[in-house]
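Shared chain: chain A. Partners: chain B in the first complex, chain C in the second.
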Partner chain A sequence: MAAYLLRKLRDTIFTLLLVSVIVFIIFALIPGNPARIIAGVNATPEKVAFIEAELGLDQPLPIRFINYLGGLLTGNPGQSLRFNVPVTDLIVDAAPITLGLAFYAFFMVILLAIPLGLIASRRPGGVVDTVIHVVTETTLAIPPFFMAIVLMLLFRVTQADVGGSLSSGEILTFGDHLKMLTLPALAIALSRLAMVVEFLRDALVEESHTDYVRTAKGKGASRMRIRMVHVLRNCLVPTITALGLILAEIIGGSIIIEQVFLLPGLGRLLFTAVEARDFPLVQTIIMLIAVLVVLVNFVVDLLNQFIDPRLRVVQSHSRRHRKYQPTVAAAKKKGNS
Partner chain B sequence: MKAFFRKMTGTVALVIALAIPLTACGGGNKDTAETTAKTEETVTDDTTETAGDPSTEETTVETATGEPKMGGEVVLAVAQEPDSLDPYLAAAAGTKEIIYNFYEGLVKLMPDSTFEDCLSTSHEVSEDGLEYIFQIREGVKFHNGEEMGPADVVYSLRRGAGLDSADGTPLIGELGIIDTIEEVEGENAVKITLSEPDADFITYLTAAIIPEGYEDQAKQPIGTGPFVFDSYETQQHVKMVRFDDYWRERPAYLDSVIFRIVPSADSAMVDLQAGKIDIFPYLTMDKADLVADKYDFIESDSNMVQLWALNSDRAPFDDVRVRQAMDMAVDKQMLLDGITFGQGTILESGMAPSMGEFYNKTVNETRKYDPEQARALLADAGYNDDLTITITVPGNYVIHVQTAEMIAAMLAEVGVTADIQSVDWGTWLNNVYEGRDYDSTVIALTFDYCAPSTVLGRYSSTASNNFVNFNSAEYDSIYAETQTEQDHAKRVADYQRLQDILSEEAASVFLQNPGVQTAVSKELGGYTTYPMYVQDMYNVYFK
Partner chain C sequence: MRAQCEGGTRNNGENMKQNMLLQIEHLKVQSFTGAELVRDVSFTVADGEIVGLVGESGCGKSITALTVAGLLPEGIRPTRGRVVFDHVDMVTLSRQERRALNGSRIGMVFQDALTALNPLLPVGHQIGEVLKIHTDMNRIERRKRVLEVMSAVDLPNPEELSRRYPHELSGGQRQRVLIAMAVINNPSLLIADEPTTALDSVVQGQILALLKDINSKEQVSILFISHDLSTVRRLCDRVVVLYAGIPAEIGTTAQVLARPAHVYTELLLAAIPTPDKRGQTLAQIPGQVADDRGPVTFCPFAPRCPKAISRCRKELPELREVEPGHWVACFLAEGGYDLGT
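For the complex of A and B:
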């Protein structure tokens, strides 16, 4: 286990370094001087030079990059160029919105996917199964931002009701969260629902043909008990893997959905930061997202190993693993319907 | 980190209780409460307003204007995050329009483009234009309760002129010509000596007077203005409250003002429609109908100049005939109607009407649009339907992108192909404005000071901001003369001549002085506009 953790840690550090180098290269390539962007058209070259010196921009980008990484090691990503406050302050203000939205959407997926999966698998290929399949595939095909607009029209909600008048860093109550984040979360959840429902349904269908189910039936256990106690538990591994995959997507998706609903989360902050060529801020936001994604995958790994001891050996020989390939699942679905 | 967790608790609680049906979206209580409070405040006026009879003109005017009431909070939307609240470090126009309410200078720009003594009571200028003596106003208090005096004026202007800094770089470039500044012995006055005469110098003395030795302006601004800084929350707002010890006959009407930072004009529209913003200064007329029931539209007198800038260093625009042909190919009336919905003034040269007597009316009212002549000029320059040019536009400004598209269509009429290249603002500033690496671009120029030299100085060949690379010996020599010219009439004539040259040689294709519309809630009165980008909240009141 220790070796595994070390390997994971090494991979994580490597990933983050790679991500930061990519951001650095992009910054080195795109034109734009943060000091000039702050100062505007009318500022004299002297004023721009003054701001550059104030912000420490008179040093070349590679030096600033190394300083940035050095700062990061000591837990200090530095000052935002555009906002002139510590980067961490801005992120602490904005992250709760994005993470709140992502987790809200995530739990919505779970809440919707488990019942849908259970219902769909009762009679594979039946009317209910087909309807659920068609509906979830449709919501999958609709891009979340468009779904967001449709939902707003449907519920007669305007952006003003959601995030329009909200600023980052405001202390929000439970009610505020519910009011603001429900629709955005739903928009994200609907588009990510299909995959989890399919994984769960397929696993349930497959498991219900196994020997132990027959045995349980033979022993006179009720249908309900078999499904909820025996089968569902065995279907958790593929479901959790699917959830892990979509959680990373959901975090990314939140950033786009925020723009539609005008929520002052990391997405808006990132957008502003790129426009302002705010190198430390962009770096830190992207690193944070990368850390989150890596962390989610790591937790999924751990959870699966915890639930299913068979996965502690190399997975590639596992028959079940093949099923994780969406293409296989899709092909099978075609056969079913 | 603590704050982070506190904020996260809401989310966590939410996630736990997700079993609650998802029906809670829509109208929150907070907003309803706010609206009710506002309605209560104005309910008395509403009745009189509707009862007003148009035939009795005087009374109507009175009820429509409403008696100024003390109190209330006004919310303005601003599109930009402030850069620095320190008046000498602030560079962005979006910051200056906010901090205008904290600070005052020796003189104040009036709505009609004139200057009035403000923290001075009177001033004299010596014959040679090198010495200025300002009598300092007594009984003016800073927000920290200290009395403002000559020492503060000296400190402030020395700081602006860079006289106290190590390398002598002025924080405000225009103040760089200050040679010495000192208190006048035995008098409550200050004497400023310039290294060279500058007829526009008085306009730069709108620079903020701040308390001597106070170093924390960027965090906790202190000035003498009608509003006191309260708080600034990044990405949220700047809040200010009334300064009760303000020196004029009365303090501001409003209790407080919030400049809310909105991420985009779209989100501001959302807030406008919901009535959450009282004043929005950047309204485009196509959106006006959406909010006409709640807001009045006030046209601000901007000194903005929108132009299709042609790079005179680049072929084909290094040929004056091609530039002139471009000028004749563009139907400016059509642009005005199509882009700003007729809300603006067509320009044929580089200065807007709000510059008063310096504005050359004759040249600007002579239309040059003539596609036939444009074709002839192009043929003369050797181009027969085979000219291709690029227009690089800053994509974040919809108005400029649309203008470029219309121009491209007009150019097609005279056999010129225009490629439009949209770049982001940072790239535009870097490549086009500073790098001068472009064929042509569409942009609107604004000016930090209501001074003719600020507007026209950029076309002198050596100016650091001459991004169109205009180069005219005659222009340069006249411009240099105007800088030291003390005879006012001669100065005015010179500046008018400069505009003639810009037009004759087609320094660029000047398009229009776009009208800036400010949406002001019908509940408010007293909103004043200036030929500058400022939001003066001193006279604003709830009816």
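For the complex of A and C:
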């Protein structure tokens, strides 16, 4: 386990480093000088140069990168160029909204997908299965921002109802947040639901034709017991993996949806920051999201190992164990003689 | 109508009138396409008896066994005949009634023990599940009984092994786990579908010995399915040779293996590797079981039979008793065969 964690940590650090390099390079390549933006249209070249020096923008790229990375690692990614306040302050204000929205949507997906998958797989190809399929496919086809607008019209909610109250600086309770974020979260959740339902449903259908299900029937197990104790458990690994994959999409989705509902989250911050070429701010937001995605993948990994013993890496005979790649298909019936 | 053969055990000498635990009568099993996977199978299993069901792959052995256990895959069902278990016709049972029998009075052991076990649950848990379903034992009682039955099937170190997962066990151990599961509620009938096929010959021998042991100690009847006549020879009291969904020959193991009356049985026997045949190329029966599963009008083995006469391609031979308890469905059986009488 310790060796596994070390390896995981190494991979994580490498991934994050790569992300920061890529974002840095992209930022170095896109046109637009933050010093000029700050100085204003009519500023003299001297003034622009002065601001550049103040921001450290006159340094060669590798030095700028190292300075920046050092700042990130020490928890001080620097001042925002645009807002002239510490980047961390801005993020601490905005992140809870975006991440709250994302995780709210994520849990909605889980809460909706599991029952829907279970119901749809009861009679594959039946009426219920078909209806669920068509409806989730439809919600998949509708872009989340449009879905958000439809939901607002449907529930007679205005943008001001959702985002307006936040901007006014009132102090809100957790309950208020939940109420406020329900529609935006639903808009995101609906757009991501189809994939998870389909995944779970297909896995459930496939797993219910496996040999161990036949064994369970041979024991006299009830349909309910077979589904809940045997089949569902075997579908969790692919489903959790799918959920891990969509979380990044959901975070991306909430950045868009924030605009529709006028929520002052990371999305709004990010747009402003990119416009102003506010490099420290952009880099920090992207890194935050990257860390989250990596973290989620790690949790997915741990969860899957908890569920499936074949994925557990036992030091003593890890070689033998890693051979197993249990997918939905792997447990499939091998040719029966 | 094909000949009845319920009297198939009457040669058993001293105990003349045995109770028939399982009677299969003219069983036909069809898929939703109409294909006859099992065409007309009749045989019996008496109390405490081990009956072997043999034949090449695709003969319908598994389908027959699954019909008895009520575990046929979707779209496949018995369309004719009866499967009488302890005086009850299984075909007419409701799902609930079936469930009450499976795992308690009928135990089932499958071939591929790796896929037959749930990969995500410890084996002890999976054995104990049978008790959970059929008894009202509490957790401690169940655990005690699980360990008991695990040692009864010669699983080493039950305490430790019960917490392990299927992939952490050897093939032989997994097979023993399946057997433990099947016998934990002291069933009357154990159905074992090729339980030794995936195992090497040493472990195969151990599993056969275990089945024999369970049979003699617990008086469990066993329906043992194999494509390998040599395992049947070591274990079974009687043998049913199946070909293309129809019994070719039925009799005691001694009768069928020492004095085969059907050309198919004879060829199957010739294909068994034995020490004295070492070095020779094994006799193979040319061709394979026909995939065509339409209704049969003549002997299904005729197309592959080296001795077939024209009658074999015109008529379907019925099971005839060629000596007490020895039944055969072959026109050639009486002619040139030494039946040891």
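Methods note: the second predicted complex is superposed on the first by the 262 of 337 C-alpha atoms of A that agree within 3 Å, B and C clash if a C-alpha of one lies under 4 Å from a C-alpha of the other, contacts with A are read in each partner's own complex, and residues count from 1 in each chain.
Just so we're on the same page, a contact is a pair of C-beta atoms (placed from the backbone, for glycine too) under 8 Å apart; a residue touches a chain by one contact, two chains touch by 3 or more.
Note that the structure is predicted; figures quoted are calculated from it, not measured.
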Regarding the shared-chain residue A:G220, is it in contact with chain B (first), chain C (second), both, or neither? second
Examine A:Y212 and indicate which partner it touches, taking first as chain B and second as chain C; both and neither are also allowed. second
Touch count on chain A, higher of chain B and chain C: B
If you stack the two complexes on chain A, which partner ends up touching A:D308: first (chain B), second (chain C), both, or neither? second
After lining up the shared chain so the two structures overlap, which partner does A:F50 touch, if you call chain B first and chain C second: first, second, both or neither? first
Is A:T74 touching anything from chain B or chain C once the two structures are fitted on A? First, second, both or neither. neither
Across the two complexes, find the residues of chain A that touch chain B and also touch chain C. none
Chain C to chain A touching residues, read off their complex: 57-58, 62, 69-71, 73, 98-104, 107-108, 110-112, 115-121, 129-130, 133-134, 165, 167-168, 178, 181-182, 194, 197, 227
Parts of chain B lying in touch with chain A, wherever the complex brings them together: 1, 3-4, 6-8, 10-11, 13-15, 17-20, 22, 24-28, 81, 83-84, 89, 91-93, 169-171, 173, 218, 233-237, 260-261, 263, 267, 270-271, 273-274, 276, 396, 424-427, 429-431, 433-435, 443, 445-448, 464-465
Footprint of chain C on chain A - complex, ascending: 209-212, 214-222, 225, 229-230, 233-234, 307-310, 324, 326, 331, 333-334, 336-337
In the complex of these two chains, what residues of chain A are touching chain B? 30-34, 36-47, 49-51, 54, 82-85, 89-90, 92-96, 99-100, 103-104, 107-108, 111, 155-162, 164-165, 167-179, 181-183, 186, 262, 264, 268-269, 272, 275-277
